Each structure stands twice: as C-alpha cells, then as structure tokens.
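All chains are identified by letter, namely A, B, C and D, in their written order; residue positions are counted from 1 within each chain.
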Amino acid sequence: MSHTPTEMMTIAASRLLTNDDICFVGIGAPSAACNLARLTHAPGITLIYESGTLSTRPSVLPLSIGDGELCDTALTTVPVPEMFRYWLQGGRITIGFLGGAQIDRFANLNTTVVGDYDAPKVRLPGGGGAPEIASNCGQIFITMAMGSRAFVETLPFITSFGHGTGKGDREKLGLRTKGPTRVITDLCVMAPDPETAELSVISLHPGVTREQVQAGCGWPLRFAADLTETPAPSAEELEVLRGLHARTRQAHGVAA
Amino acid sequence: MAKFVSLQEGIEEVLRDGDQVSMEGFTHLIPHAAGHEAIRQGRKRLTLIRMTPDLIYDQMIGTGCAEKLIFSWGGNPGVGSLHRLRDAIENGWPHRLEIEEHSHAAMANAYEAGAANLPFAVFRGYKGVDLPKVNPNIRSVTCPYTGEVLATVPALRPDAAVIHALRADREGNVLLEGIVGVQKEAVLAAKRSLVTVEEIVEDFGPRNANAVILPSWTVTAIAHVPGGAYPSYAHGYYKRANEFYIGWDKIARERDSFLSWIKANVLEKGPDAFAQYARPRRQAAE
Amino acid sequence: MAKFVSLQEGIEEVLRDGDQVSMEGFTHLIPHAAGHEAIRQGRKRLTLIRMTPDLIYDQMIGTGCAEKLIFSWGGNPGVGSLHRLRDAIENGWPHRLEIEEHSHAAMANAYEAGAANLPFAVFRGYKGVDLPKVNPNIRSVTCPYTGEVLATVPALRPDAAVIHALRADREGNVLLEGIVGVQKEAVLAAKRSLVTVEEIVEDFGPRNANAVILPSWTVTAIAHVPGGAYPSYAHGYYKRANEFYIGWDKIARERDSFLSWIKANVLEKGPDAFAQYARPRRQAAE
Amino acid sequence: MSHTPTEMMTIAASRLLTNDDICFVGIGAPSAACNLARLTHAPGITLIYESGTLSTRPSVLPLSIGDGELCDTALTTVPVPEMFRYWLQGGRITIGFLGGAQIDRFANLNTTVVGDYDAPKVRLPGGGGAPEIASNCGQIFITMAMGSRAFVETLPFITSFGHGTGKGDREKLGLRTKGPTRVITDLCVMAPDPETAELSVISLHPGVTREQVQAGCGWPLRFAADLTETPAPSAEELEVLRGLHARTRQAHGVAA
C-alpha cells in the first residue's frame, strides 16, 4: 500500500510508544499516533489529555482536547488544576507529545509569536500546556512537518525548552527529565546527538533523500553515522490509521 | 444564596464595564449565550480572563468589549487561529488589546490560589523559556526547606465569573459533570458569579457522594439558558458542533464577514436563540 | 500497574522497617486490618504520619512500631484520649516517641504539595499560636506581589502509603467514595502504596464522570480485605462501630489490658479476622 | 420543664445562629447547638464538617466529624485538602465553633498540652483544625463548661488565637476576622469587652449567681454593666434537643 508523508509521520511516532507509557497527548498528529499505538502494538498504553481525562480510550479522534468522547471513554476526569498539579507536575507522565510552529536545532519550540513580542508579525496561539509539558514529562516526542520556515536557525521566542544551547543546559536549569528525545517529521526521524544534543537525522522515511530533508530545514543538518531507513508502514498500521480517520470523519462530519 | 434571573438580568447585575471577568469552560460548557448577551449589552473595557480564549472571546474582542486579555492559549482548537484576536494584537482592531500571557499550568494554579484565597500560587514551571521576559507577573519564591527556586503567579481574583453548567436545583445549587475544567475555581475565586444552566431540577436526586457541586451560597445568580453552551457542548445533553468551529475560521477571517455575522446572530437575536441547540438530557450524547 | 497480593505480602513488600508511612483515612476507611498486619510482622522504627492518629496508631505505638509521629490531632474521636499515645509521650512507654505536630490545614496542604511534587506548601495559618515555637518545620515565605508573609510546611512524601478503599477493578484501578479525606493525596505523594479493598469487581460500571479513582499505575499493590476498615466504616458497606471506639478507652487505659487485647485480637489472629465485619454493598449503609 | 446546665449551654449557643450562617462545626456541644438551630429557628443554616461534608443535614448527631450520616445527608463531600483550602481558608465560613481544654481571659485556647511541651504533664489531642478555624472564620463561638482548671489565668500553650493580650492584637497579626465574639458556658454567656477585648459575662443562665460563675473561673471575672439573664430554654427547644439526643443514642447504641 502507498502512503502519504503525514501517515508515515504518524506511524513512525506511534512505533515509539509502548504498553507501559503514560502519554500526555496533544491534538492532531500526536493524538493520531497515540491512538494508533493503542489500537495496534500497545493496547495497554495510558493516554491523558490536558482537559483532565485519565486513561481515555476514544474510538474516534477528538477535534479538541476536551471533546466529550475523551470523557466518555476515560477512567475518570479530574479538574484542570489537579491535572497540572498532581499529574503533570506530579512527574507521572512518561511521554509528552509536542508540536510547534517553529523548532531550532536543539529542539526548542516556538508557538508564541513571529517577530517582536510587543509588535508581532504573526501572533501564534501561545504556549498552553507546552512549557510545563516540556519540563515535567519523562521525555518529549516532537511531531512536525518539515519546511524551512518551521525548522529555523534562530527562534524569535522560546515557548518551550528543549536542549537550550546544547548538552548540559537542562541540567543547569535543574531539570531532571530528558527533554526531546525524538523529532518525528514527515520526511525523517531526528534525535539529539549524545555528545552535543544537536538534532541529527537517524532515519530517512522510504524514498526520501538527504537533500530533500535538508531542503526542509533552515540550518545545516547533521546525519547520524548509522543512518537507517524508517521501515515503511505495514498494511495493518495503515489500515488501522485509516480506519481511525474514517470513523473520525464520520463522527465529526469533517476531515480530521 | 443564588437568585434565579433571566440571562439579561444576570449579565446586567454580575458583569459591569471595566470588570476583570472569567468566562471559563475547557472546551466543554463554554458560556456562549452569556457572551452574546454581554456583546448585546455593549460591555466595555473588560479584562477578559480565560485559559483558552476561543470563539467566545474572539467575538467579544472583535466587538470591542475588551481592553486586556489574560490567557494561556489563544486559538481555534483543532482548526487554527482566532482571527479577531490576531487582528486586535497585530493591528489594534477594533482597538489596542493589552495581553498578559501565561502557561496553562500557571493559569490553572492561579485560579486554584484564587479559590483558596491566597495571593499567589507556587509551581514548578517556566524553566528556560521566554515568557518570564515579557510578563513581569511571573516571579519566583525560594523553598524554605530545599532552597529550590519555584515559579509564582498572582492569584486570579476576577470581579465576575460567568460559566455554563449542567443543572441547578431549586435551592440554587449548581452541578457540573464531565470535563469540569477550572469553572469551580473561577466561581470560588470571583467576587460575583453568573451560572447559566441547561436545566433546573427539583433536586439532584441520587448521585455520587463526591459530585462536583457549587453550593447555592457560592453563586450570585443563575439563569436557565438551554443550549447556552453551543457550539461548545453540555455533557449528556448535546455534542460539540465541530462544524461551527471549522466554519468560524471563514467568518472571522475578515472584519466585514465577522461584523455581519455578529449583527445577524448576536445583535438581532436574544438569549432564546440558543434554545434550538438544546437537547433532552442523556439522549443526544449517547 | 498495581498487582494483587495477600495482605501479608502487601505489608511485606510495601512497608519496611524505618519507613515514613501514612496510613490515612479521615474517620472513614481507616486501614485497621493493614495496621494489625504491620504489628504482626513486627515493623520497627516507623515514622507514622496521620492527620488524626486514632485507634490504629494507638495500637501501633503501644506495640512499639513507631519512633516518630507526625500528626495534627491525636485523640479518640468523640470519646477522649488515646492512652497509648499519651503513655508514649508522657512516660516513654514502650519507648520514647518523637513528635512533629501540625495543624490540620498544614497537614492537608502538605499532602497536597506532596501529591503535586512540590517541596513545600503555602497557606494562611498558624497566626498568633505557639506551635511554630516548638516545630522548626513551620516556616514562612513572603508573597512576591503583596508582601504578605504566609506559613509554609514541608511537603509530605512518605515512603509508603497504606489506605483502605471501597473497590478495585480487575485492572487494579481503585475507587473511593464518600468522605475521601487525604487518601488520594497520600498515595500520590508516596513512593510505594498498598490499598486494601472491600471488593474486587470486573469493572466499575456506570459512574459519575468525575468519580474519585486512583489509576492502577499509581498504586503498588492491592489486597482484598473485606471488613478491613472495622471499627471504622466503608461507605455503602458497613457502618462505623461507635461502640468499639467507646470500648477502646477502657482497653487502652492500662498497659496490661492493652497487651492482652493485642495478643488475642492481633497477634493470634490473621487478616481474615476482619471478614466478620464485612457486609454486602449498599445493604448495611441504607 | 427543668433542664441541665449542658442543655442550657447548647440552647444558648444555638440561639446565636441564623438562617444565613455558614458554620464550621466541631463535635460535641457545637454539633448539637448547630443542629438544634437547624431543627428550630434556622432551617436554612449551612453546616460544614471538616471531614469535607458541605451543607449536611444529619438526623442524628455524629460521634465523629466523619460519620457516614454526615456524608449521606450532605449536598456533596469534598477532599480534605480542598476543605481547608477553598472553604475554610477561602473565607467562606461565617461562624466557627471551638472548644478547648483551657481558655484565658482573652479567649485564647489550649488543646495541646498541660505542662512543658517537651515533657508534658498531660498531653492533649492537639490543635486539629482549630488554629486556622480561629483565624479564617468570620467569627468564633466557643462552648466550654466552666471550671477553674479550664478557665485559667495563664495558658501553658496557645493552640488557637483569640484576642492575644488584648484589643488590637488580631489586627497587628493581619487578621481581618473578628475572632471569638461569644463564649457560651454551662453557667453564663461571655463576650469580649468592646474596649479591651477581655471576656466579660453578659448574661447569667437562670438561677446562676455571679459567685458561682466566679468560682468556675481562674481569673477575676468582669461582668457587663447591662448584665442580663439568659432566657430559659423553651419547651420546643428542649423537646427538639432531647429528641435529637434520643435518636442519636438509638442510632449509636450509646449516650452522646
């Protein structure tokens, strides 16, 4: 079966999740990846949405983080202050998923503003849960489609902290969590270099060249010495993901 | 004790020009009908507080109700930008909008501190990020035991809280269920509160001993506004109108189409415009 | 994920000599059977933490399990003194007992801070009173916005939390209902936890969307111990044995009668001694 | 109908409560007084017990602050941390009831220890909720039976703060609440003098003399210029109170 780059991105992200993970899930690609994992190789995975729903098992993807479907299928639903105090800050989340409008080579993210903060060129939605998701989850997976306006040399604003200016910066801030360990894009998968914490490409999706990846990135990209090819989506992965999207479209009456 | 009022009376009494107001609801139970009534009554110079200023605040900002916004995520969930919010920040239309920006964790903690009558909240956050550089209200305290430096935010203590809830009983107690967000905290933190409800019942009947209930004496006024959360949803009554959220993107993108929509759907309508979206309990949602 | 164990295995694994342990329950759901098992297993040098150290801690202190007590109200509720606690503090029997004393507000806030993974809690308290003079852990911070000085306490982060709950489902999720006290906070604040339950059910079935539930992955071990809260109570199963609380005053008043009672009712018994107090759900309490 | 001093104390306390009050109720005489008020002249009174039960309407008196009866008849029940944060510290309680082992002339209370704290003669239960009830409720009513070992010249330990060493001390601590406004005993009712905040007797219970009251007090007691006699219990008050106690005895199988 052929597949789209977005499907490859979602499937590559889903493969990183295990039965034992407790995921703080954002809307969009992360939600699709987490639920795909739950419906395939990780049926015991625990999904938490910041609206307060614990251990939720939606049969369709939510359009927002507070859809009724999430609550209906949750073990229980807690107030939002409790979610941020007992559950996120409580250190109980193993994986946080983040996306962003912009990312730099150390996996810092911007979702706040392009241009000057006080006189913005483009005002983005803001951080929401991201600043504390980035610091309080055991590790962070980032999913973003590549493009030179998204993968940039310098961020105008750091909304959530990745690896700062390089290895050791998290420790200097007193952070004991790992921060971003994988960036899953529509073209490749990146990971911070063990020595420098700079993102390097560790696998290319099937059919994607180094040049294509570099073209979608605003800084000179590094490639890991043992660069591999991301395994193509299996028939089961594609089937389950497409089924999920089809159910979602039917439920919402929209493309999602 | 809460008194039962019409939506018009409730907004007149509870929400005043110049107020700091929280109209909360975390995707679920967003008080849209109350927001429309505030627009109809021409409220001015409001400081709008909301973790996720979505369509309701896009509408209030676009119609000039607000002079300031305190928030943590300003977008159309799952869809994209809030164009009226962006137009106000980027271009000062219809006039300049001051912003005070936080993270969700900070806002949630600030509501919690407000409900607890504390002047500030302590949490572990804002590490390594730029928001503290542009928001002087983000400060810190040092733990007197470990020496750790933790972030602080001022407690939120709005003049008015406006929320939508599922049911009130005849005594004016208010019940929430499902995704309860920060609404209880917003009401307990506020000086005055208005709750619009889907349904008024004689009493709540058998229920979980720990049900989320605001006692009558913590609420200023209650208005019966079935369907009042549309296009948000009321758990067990009606579902979220996702198509409206998607359609809003087009309506709000241009000033003209926005103003036309407001005229036809807010200014020329009344509170009962929401009744068409109401559904009997437990049928629509199952 | 929580594993299902016998009470004996659960105490062996979760509660170790020298631990700081919280065996919580605010009148309701006090884990008496687990306390007896700890006595039978001869736990030593424990720091016992509890807002209201009632009979369960009177028994553990009198049998020499404890070297320290962190508490806020140490009495037999509605009856009078805890004689074994008093004998330990006043006379050092069976050995010296160190105490760290707080108010309820301080303890409740300290559990909340522990569950929230904060090193300390802030609250408005201890004004004008003598406890801060004898407890160096009562300190203060200054509000970075208003300058107000507020009281602090260190967060409680016990090695072990032991609670009794109503039901567990097959996945090991734990449900509480009624007076829920600080038990959820105690478990979330602790490194290890043991929950004894009245009943294990296939699943919880229809319930309030906001029911008080501890997910399986927050609990170390679950033991099925029907009647395990007696003479405390389990909401919807059996009532509080007020006559036992009253009778305890006489048993505990003298060392001899206390030791005889412990021998006959704890040391010579097993966990199933509590089964006689169990009642089917919703019959005893209605 | 004749009545006991304890009945008079409970009834005198109950009369101070109104329909609009929101009471934080302790066990014993306060619980009886609050429920008597609810069953007679103040049916709309809101009773809160520190176990978390909001707006509870027990038909029998609880033996402890966490009896199932309180939860069964409550509007709802909240966790204990929430009770102390949102409700007590929240400033929502108009009346707090306290008792104590010892009281001084400025209505400070001791329920902690007699003798030295580190080598106590008598170890009492401790403060429980009292320190913050005393500071966070709108005003405080104290109910205690008189006796020269209870009403003492100097407290060995201040568990909860009344008026300190006299008028103005609460304000100096930043307290905006009124503190103790009435002490209801088995012999009389006292109130802080408006000028000095020292307790003075404002009414004697029927048949009680000034000498009897002084005999039960360890400091030279002041009597208000307009000293009155506490109205005797009405037939209805006694009947309702005794009915409450009878139901309680039957339910608990004990005297309460």
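Operating definition for what follows: contacts are C-beta pairs under 8 Å (C-beta built on N, C-alpha and C of every residue); 3 or more make two chains touch, one makes a residue touch a chain.
Since we're looking at a predicted model, the values are computed, not measured.
**Student:** A-C versus A-B: which interface comes out with more C-beta contact pairs?
**Tutor:** If we tally the contacting C-beta pairs, A-B comes out ahead.
**Student:** Roughly how far is chain B from chain D, centre to centre by C-alpha average, rounded to an integer in Å?
**Tutor:** Their C-alpha centroids are separated by 40 Å.
**Student:** So the centre of each chain is just the mean of its C-alpha atoms; given that, what is the distance between chain A and chain B in Å?
**Tutor:** Chain centres of chain A and chain B, defined by C-alpha means, are spaced 28 Å apart.
**Student:** Find the geometric centre of each of chain A and chain D from their Cα atoms only, then give the gap between the two centres in Å, rounded to an integer.
**Tutor:** Centres of chain A and chain D (C-alpha means) sit 57 Å apart.
**Student:** For chain C, write out the residues touching at least two other chains, lowest number first.
**Tutor:** Residues 112, 116-118, 123-124, 148, 178, 180, 185, 209-212, 235 of chain C touch two or more partner chains.
**Student:** Please list all residues of chain A that touch 2 or more other chains.
**Tutor:** 71-72, 77, 79, 85, 89
**Student:** Please classify the inter-chain touch graph. Allowed labels: line, ring, star, complete, other.
**Tutor:** Topology of touching chains reads as other, fitting no named class.
**Student:** Going by the touch definition at the top, which pairs of chains touch each other?
**Tutor:** Touching chain pairs, listed by label, are A-B, A-C, B-C, B-D, C-D.
**Student:** Mind listing the chain A positions that touch chain B in their complex?
**Tutor:** Of all residues in chain A, those touching chain B are 27-28, 50-53, 62-68, 70-72, 77, 79-81, 83-85, 88-89, 112, 117-118, 120-123, 125-132, 135-136, 157-161, 164, 169-170, 173-175, 252-254, 256.
**Student:** Could you pull out which chain D residues touch chain B in their complex?
**Tutor:** Residue list for chain D touching chain B: 22, 46, 54-55, 71-72, 74-79, 85-86, 89-92.
**Student:** Can you check the complex and tell me which residues of chain B touch chain C?
**Tutor:** Checking each residue of chain B against chain C gives 116-120, 122-124, 137, 139-146, 148, 150, 152, 154, 177-178, 180, 207-212, 235.
**Student:** Residues of chain C touching chain A in their complex?
**Tutor:** It is residues 112, 115-118, 173, 185, 188, 209-213, 215, 217-218 of chain C that touch chain A.
**Student:** Using the touch definition up top, name the residues of chain C that touch chain D in the complex.
**Tutor:** 26-28, 51-52, 71-75, 77-79, 81-82, 85-86, 89-90, 101, 103-105, 108-109, 111-112, 123-131, 134, 148, 178-182, 184-185, 212, 233, 235, 239-240, 242-243, 245-246, 285
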